[in-house]
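Next, two complexes with subunit A in common: one pairs it with subunit B, the other with subunit C.
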Partner chain A sequence: MFNTFLVQTVKELKEFRRDRLSVALAFLLPLFSLLLLGFGIRLESKSIPVVVRDSDNTSLSREYIARLYATNMFVPADADPKESLTRAIDRGEAKVAVEIPKGFTGKVFTGSVSPFKVYIDGTDISNVQVLTNSIEAANLYFLSVLHQTRQPDAQLSPVVPETRLWFNPGREERLFIVPGAFAIVLWMYPALLAAVAASREKEQGTMIRVYASNPNPLSFLLGKAAPYFMISLVMAIMVMTVGAIIFNVFPVGDPTPLIVSTPLYVLVSVLFGLMLGTYAGSQTTAVQATSSIGFFPCLLLSGFVYPISNIPFPLNLFAIVVPGKYFIELTRDAFVRGTGWSAVWYVPVVLILFCIVELGLSCMALRRMQEKD
Partner chain B sequence: MTNTMTQPKTRSNTDENVVTVHALVKRYKKGAEALKGLDLDIKKGDLYGLVGPDGAGKTTALRILAGVMEPTSGDTKILGKRPSEARSLIGYVPQNCALYPELSVEENLLYQAGLHGVNFEDIEKLKETHLEKMGLLRFQDRLASKLSGGMKQKLALCCALVGKPKLILLDEPTTGLDPIARRELWQALSTLSHEGVTAIIATPFLDEAERCNRIALMYEGKIQLEGPPRDLQEALGMRRLTFQIKTQEKLNEAPAIVQELSLDSVKDIYPFGDRLEVLSSEKEDAEGQIRQQLNDAGLELSEGRESTPTLENVFVIKLKELESEKAATTVEFPHWKNQSSKSGPEPGVAALKARNLVKTFDDFRAVDDVSLEIKYGEIFGLLGANGAGKTTTIKMLCGLAKPTDGEVELVGEKTDLRKVSVRKDIGYMSQKFSLYDDLTVRENLNFYAGIYEIPLKLRKQQIEWVIKACNLQSIENSIVKSLPLGWKQRIAFGAAVMHDPKIIFLDEPTAGVDPLARRQLWTLIRDFAANGAAILVTTHYLDEAEFCNRLAFMADSRVIASGTPSEIKADHKGKLFEVNPRDTQNAFRTLSEALDHWRVAIFGSSLHVLLDDENDSERVKSILSSAGEKPELRSIDFTLEDAFIDVVQRSHRANDGKDRMQMQTSGDEPVSQKSQGGDS
Partner chain C sequence: MNPIVERLIASRLWALVIKETREILRNKYLLFLVLVPPILQLLILGGALDPQVRNLSLATVDHAKTADSRELLSQIMQSDTFKKNQLMKSEDALAGELERGKKTIGIVIPSNFSKKLQKNEEAQVQVLVDGADAYTAGIASAKVQRTIYEFHSAAKKEERENKVIEPEINILYNPDLISSWYFVPGVLGACLTLTGTLVASATVLRERESGTMEQLLMTPASSSEILLAKIIPLATFLIVDVVVAITASRMIFGLPCRGSFLLLLLASALYAFVGIGVGMMLGSVCRSQRQAQLASFFINIPLILLSGTVVPLDTMPAPLQAISIFDPLRYYALISRGVLLKGATLDMLWIPLVLLAVSALVVLSISANRFKRQLI
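Showing the complex of A and B:
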């Protein structure tokens, strides 16, 4: 039994060493993906082209425009403000168009409602909210500045909601994205490695001989998982180190939840690939299954990009069976929040449950060590 | 090595069944019934051949015996246990060897040893014995993917033996091997069986099944005939009459001429490349009458011969009973090209001439001074071991590779062999058949009709012809992937000749196909030759080479012998003798130590001994009697296989050192016939 485990592990390591695809999957592609995710995903908008038509043309309206740009969120678009504002948006020259009507100044000082038109390009759904917020933020900022400098005694006192961002005061996206990217990368590649290794046996026809030699299914599976578990641990250390150096993301607070959960998470991933590999008939099927069943749900349903609360019922229920969801909760705590065990105690427990289920299902596939009809 | 080897075989008096199978049925989920009630009784030490065409159920039967597949119903016992519980007693070699290509010879063996729970201390010893025995010890660091076919099979056998099994199961171990590698493998198996290991070998090749001591002919999931090969041959109650025909042009008419006699005793008439074989239940009368008839028709005969039927005869007769002559129809090929414009090829004119061809890769000479000439209407066989240079030669001949030196003339064209008009005159069928798996038969044919630019008007007619001539009516709308190899081969042949080429290149067209399918293909090939096409066939199945009009043997990049099959067989300085010893293994060892080891080969329970002249037979007799055997030798005819191995060995000895180096650097095994018991 232990013998089977050992020869299997030794054999897999030797095969791994000689298979360039596997070596690339283990060491090059994870780094590439980390960089891609770390640099490529940007949720906040900067330098939004805006076209402004100032029909009021007073010092106050010009100051308002200056304030708009001072938020660092908007840049003047190339469009000619004399033309129709909507055309600038139609042509894609501007994302936002602002029209300041005549009498703007007067209305501001009388304290009555001062309407002005804002057009926002709605094709970019993800930006609409951001843009609306940005304009509102600029407004409030303008009003508050106005309040302080020009009319300290005026009755007018616009409500200025003051939001403070906890944990990520600079609102730095890397702190949001990079810990999540660890979870994605460490989900994808260990699973792929194991799926390729397990399905290769079938594809090259060696599986039938393994059946014929009658090893214990559990020690066979564990023997296959062990080398890829080790390789994936190296991968995890490598990815997190490179992540720390390039993106300046370091663990905060108690590191033990991370140290305990990372091996478990990687093991869940390896066993997931192994399970798909034992069920799939060919390497292609195994790789495709790993990407579509494994990768996409992890990317979309784990809260990596979109909060799970935004996902509609009943799709959000699927998130429960996405191991990445739990690990992202853990990495965000470990790298950003730093609360420690009290916040993430359940993560290792859930990961162990995943391991048991996956191993059980894989053993089911191999329980008779026989060809399927 | 081990002393088990010297034990004489004690098969006759053991009643111990190693394998007992009763009414075994296997129905796949998709509905196909692979086994329809199989019964087997296999005794200890049997070298048991499971022979049959593709789809007969051989692989399924072996898988069930190996315990890796569950039967639908029936009883299977291996040494009294269910197969899945007897796995530790079984060594199983699946069809593709099931080796890990990225692992070395040694690592493959060690892995299997580990899976079989062999102790780590024993592993060194195991490595020594098994790899040494198979002559693989000095290749132990080579990756399995870099081994030649023969070495792969031997390694696979080593891996199966590592758990000291009582029973070994081999699934078509010789498919794709050259004659020398095949002979070595069979000798290894023979040695094992004499050591008391029971072996079941599935094979589609009847000539090699004669080396088993018992065989079962399988067909459509059932055993049709069972017994020792010789009993089966005798039970047929027929004689094989051979008529050597000198007037080659009329050879194709010969079967029809004999048919006209409508003799009751004649059961089968079959033309070979230079002779006609008739299977008859009666000898004297039939022989005289046929000879007379052929003479009257203007065919010149040289001396005839009479011999026991081969297993192939037995099988074909049985299959004919079962299939009731389903493939007897021949369909005239619509030669659209010849009717239209160009003058048709004249028989006797050379379609292909190659002079002093040389091809060098870096400093390795893959082809060395090869000259060939193939006439229209001729079937020319190019034979050789793996790595002898056949494929490179064929590539140069059809213009796919540029010769380093020498000249090729193809349908009159010397300079540009790849020009469109030349290409349209060439048909090429590769070993892998190049059919599209996910298309139907008809779609494949349509595609090739388009590729070869058959005029639209004629396409339908040509496709209809292929479907009829190759007997594909029942499957024309089936997806190719699901068809057995024999069918695929006929479709591929049809696709290659649909455009009515003048020269047809067939690269190992029959690898892994059963005798009846092979006959059908050869009938087609002969029809084409009769219609004037020149045909070049490469093969390493030597029985098949008998169908060719002329042959060339290649070894070490050169043509080392050529001529008609009969000429090649006759052109031997040596004499071949058969010995029927009591203890085959012992006699084999004694003889191969006393003579050069390559002179002795095991064929089933008998030995073939090659001697330089008759006088040496006295020496062999004295060796035999000193080994406690009856000093009896029977002079027999050379088979092409004997001839081939003899020619290759002589060529090796002529320039020994250099060639061996070359063979090894080209990734091939040395051709030494390592005697398995030679070093004890």
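Showing the complex of A and C:
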């Protein structure tokens, strides 16, 4: 039994090695994707183009506008403020438009409420919350400064928050993105390699021959998975090492959860690819399935970029079956928080469950193949 | 009948188009994968994802236990940023919750909180933030800090100064911030890319692998006719995808189409050509399907990430934003969001439309060229 397993592994590895381009891609692609995800994804808005029309044009209104720019979030847009403000947003030249009406200063000094209009481009909704927050914060700050210049003795605010950011004091986004990127990369490529390998064998009709020479579907599947599991482990070590060096992201605290879960996660991924490969009739369908069932859900429903805690009930079931979600919780703990087992004990358990389910489904597919032929 | 139309119908091209269409239709599984998962995905993602930070959990230790401290906490809970507030007994328990990643923010109110407020001294409140999720942490802590700064004890409420300046914020195009309106036009483009390249490269390579390409070449059809015949049915399927996806999102999410639907279809057709062209190019460069499929990720992932369809583009570092100028998906997303949400017209969108057409032409002529050379 062990012998056939070993023979199968060696056969798979040899087959993989023969295709030089695929070998190169198997190692270059994960690195390339890691760099792209690690450098490319940032959520904090900077240099948002804004168009300002100051119809009041007093020192106060100018000061107010300067205050908005001081949030370091806005840059003047390349648009003519004399034209309609919303038109600049229509054309995509500006994301925010601010209009300070005539009589703005007068109202401030008489003490009546002085409104001014802000227009925000709502097409890109991920920005809206940050923009609203920072405009309101800038407004509040301006008001408190204004208040203080009028009444120097007055207390600015009776309660003062003393904020401490844990785990990531500089609120650096790379610490948030890079551990997540590990999970994305190690989900996509092991699955892809396994899916292509399994479906190619099926397409060429050799799958049934190999399967027929093997008494047990489970040992057949494991023998098929083993070489890709090994390749993917090398991939995992490489990706994490390069990530550590380039992005300066190192494991903190107890490394054992990471050491235990990474092989499990990679195995879940390989088995996922294998499962799709055994179901699909051709390489194209296998890859199409891996990329459409695997890629987007993992990128978007794993909590990698957007929060998943706010997905409402029936739909959050879709997020529960994304293995990346659990591994991201683990990597964020291993690389940022460093709490260890007490926070992430459930991750290896869930990953093992995924493995069992995938093996079961693949066995079913194999049995079906057997009956058909 | 018009002689040109007549010639077109009787032409070899038409016969080849029919052959290719039949070939696609025969592979039911692939057909299913081209049509169903992208649309399902679009609907699930559109319904589920919400890039706004809300419904977070909060843990508090209230040592003061006075009306003031309760008022402060209830003011913090008022916005929809936080959903649950769990009262903890000690700072240690609260720290544990943060360390396990269960809570985003912890607040500690000291026992002398109300006394200090009454004496007009500065009262301090400790805010502990889990910074592991940097983006959520930023929004959540900004919200808490602002509420705390604005807080005036219940007794002194009347002294509270009027806010003399009030920004009146209007959110255009998507005032209710429905996330599907943001995701559907973008993810649609990304799906077109993935599907187009994969299927196109496969059809070329399958023909090569099975050796029927030479047979096709022996027929009187010219190589550009063979190529076009492969492209047309695929592009048609992709456009059907777009129409179904937009209609479904319209019914389910109320996604508006404020501009001209024809303009959107035109852009989708152009973009489908780009996706297919990229696939054909891969098909002519690579030797096997496996190589082509792996290589397609080299092109597709940057294409999708740098386009602003799934992750925001404005926030990217400047060098990557500069590279994104060459990303046709960026222009497609600009057009689809523009037409659907902004009601943009041709005079606003002609530049991205031309750029899209140019990239379709470039990709297709490169692959046609390579294709021809290989055939000889």
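The rule is short, and it goes like this: the second predicted complex is superposed on the first by the 325 of 373 C-alpha atoms of A that agree within 3 Å, B and C clash if a C-alpha of one lies under 4 Å from a C-alpha of the other, contacts with A are read in each partner's own complex, and residues count from 1 in each chain.
Basically, a residue touches a chain if its C-beta (ideal position, glycine included) is under 8 Å from a C-beta of that chain, and two chains touch if they have at least 3 such contacts.
Computed from a prediction, not measured in an experiment: that's the story for all the values here.
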For A:Gln283, decide between first (touching subunit B), second (touching subunit C), both and neither. second
Which of the two partners, first being subunit B and second being subunit C, lies in contact with A:Ala244: first, second, both, or neither? neither
According to the stated criteria, A:Pro115 is in contact with first (subunit B), second (subunit C), both, or neither; which is it? second
For A:Asp19, select first, second, both or neither according to whether it touches subunit B, subunit C, the two together, or no partner. both
Quick check for you: in the superposed arrangement, does A:Val252 touch first (subunit B), second (subunit C), both or neither? neither
For A:Phe176, is the partner it touches subunit B (first), subunit C (second), both, or none of the two (neither)? second
Examine A:Leu140 and indicate which partner it touches, taking first as subunit B and second as subunit C; both and neither are also allowed. second
In the overlay, work out which of subunit B or subunit C sits against more residues of subunit A. C
What residues on subunit A does subunit C touch that subunit B touches too? 19
Under the stated contact criterion, what part of subunit C meets subunit A in this complex? 27, 29-30, 33-34, 37-38, 41, 44-45, 47-56, 72, 98-101, 117, 120, 122-139, 141-146, 148-153, 156, 161-175, 177-179, 181-182, 187, 190-191, 194-195, 198-199, 202, 206, 286-291, 293-295, 297-298, 301-302, 305-306, 308, 310-312, 314-317, 320, 334, 337-338, 341-342, 344, 348
If we count contacts the way the header does, which residues on subunit A are in touch with subunit C in the complex? 19, 21-22, 25-26, 29, 32-33, 36-37, 39-48, 64, 86, 89-92, 95, 107-108, 111-130, 132-137, 139-140, 142-144, 146-147, 155, 157-169, 171-173, 175-176, 188, 192, 196, 200, 280-285, 287-289, 291-293, 295-297, 299-301, 305-307, 309-312, 315-316, 318-319, 329, 332-333, 336-337, 339, 342-343
Quick check: in the complex, which residue numbers of subunit B touch subunit A? 28-30, 63, 66-70, 84, 87-88, 90, 92-96, 98-103, 107, 110-117, 143, 159, 163
Hey, which residues of subunit A end up touching subunit B in the complex? 3-4, 6-8, 10-11, 14-15, 18-19, 204-206, 208-215, 368-371, 373
